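Attaching a single structure in structure tokens format; questions to follow.
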Amino acid sequence: MAVITSYISIATQGQGDIIDITLDAQKIITGNKIQDGLLCLFVPGSTAAITTIEFEPGLQKDINLFLEKIIPRNANYHHHDTWHDDNGSSHLRTSMIGPSITVPIVDGTLTLGTWQQIVVIECDTRKRNRKIVAQIVY
Amino acid sequence: MAVITSYISIATQGQGDIIDITLDAQKIITGNKIQDGLLCLFVPGSTAAITTIEFEPGLQKDINLFLEKIIPRNANYHHHDTWHDDNGSSHLRTSMIGPSITVPIVDGTLTLGTWQQIVVIECDTRKRNRKIVAQIVY
Amino acid sequence: MAVITSYISIATQGQGDIIDITLDAQKIITGNKIQDGLLCLFVPGSTAAITTIEFEPGLQKDINLFLEKIIPRNANYHHHDTWHDDNGSSHLRTSMIGPSITVPIVDGTLTLGTWQQIVVIECDTRKRNRKIVAQIVY
């Protein structure tokens, strides 16, 4: 067995920005000639989430409308009292969706569906630079 | 170390169908004589989710009522404008719950609770055949 | 490769109790002198969830207010008819958030952000003892 750790760096435009990192992840697999194993993608920080979605503009709007409906940005959060901050919604959205995903690699390829992409959802209220950890065990 | 990849094939009845795949997963472990390691179950496609639940009829109704409440099937979604499709709710439900789960194997057995089953939740609006990837690293 | 399985035992105070297990997880890594690999934390049982959050009192209130809003404790659930139980909300909250998380270990340390902790969210309606499985593949 071996463990390989790599990183995917992205710059986000703040809350609601959704970034497709599928190709970056696949490049790490191909570049390291991995055939079979597990890829774990994990975003450090408590205000960005990782999941899969069909990456098309309509759904990007839909997921943001949905998140705004159930966890509104401008509601009152106790978190704001703690830090005089404005990103309580960012934390809740992230904890609900989760900061990571683990995907099998088979024959050198992620086992995603054709219309399924791995995305980072920026939940913070400001622009952020994110360095996603990509670790493979194989 | 080694990696074993297997598959679990199921046929679903469309949105709201919940399929218990715990026994299928355990059979793969037992059949390959795995003692300890991680099992990752991943469903390719962006309209089916994997999680755990106590698999009993009441909760199957409850989870569907809950999903319908927060992500209604018949609402308007921008995704429908993109593809003239009807499954915007399917995508949102899947992205929120997630397409995979990773479970430890200890002494040849998944570390599930007695009343905890691994399930696929079909979120798509039509019947689908699903081939779930079951990969073990050990 | 090798697999190490350890356990983190906690006592919870019932629905809404949020326990930070980050230090316990890190101690297992340090105690076993693990440098790089994947840690999977999994809570057996269908009424407790694992995610990450900035562990501060304001957000602990916020996440409970959010969960109560979308999955109220005192609503009617079909699950209650099945078992004459009162914890339908516990099951739904758990299935939505999920019972596990997988985190990369790099240079002997979990790749968490500074303000990001791994937490168990007790969703059950009564006090529980929880024995979380902590498995490392490396």
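Letters A, B and C mark the chains in the order given here, with residues in each chain numbered from 1 onward.
Operating definition for what follows: a contact is a pair of C-beta atoms (placed from the backbone, for glycine too) under 8 Å apart; a residue touches a chain by one contact, two chains touch by 3 or more.
If you're wondering where the values come from, they're calculated on a predicted model, not measured in any experiment.
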Rotation, 0 to 180 degrees and nearest 5, that superposes chain A on copy chain B via CA atoms: 120
Same or different contact residues where chain C meets its copy chain B, judged by the half mark: different
Chain centre separation (chain B, chain C; CA means) in Å: 19
Overlap residues in chain A, where contacts from two or more other chains coincide: 1-2, 38, 70, 96, 98, 102, 137
Residue numbers on chain A that touch chain C, as the complex places them: 1-3, 5, 38, 40, 42, 44-46, 70-71, 77-83, 88, 91-92, 94-96, 98-100, 102, 133, 135, 137
Interfacial residue positions of chain A with respect to chain B in the complex: 1-2, 36-38, 51-54, 56-59, 61-63, 66, 69-70, 96-98, 101-104, 106, 111-113, 115-116, 137-138
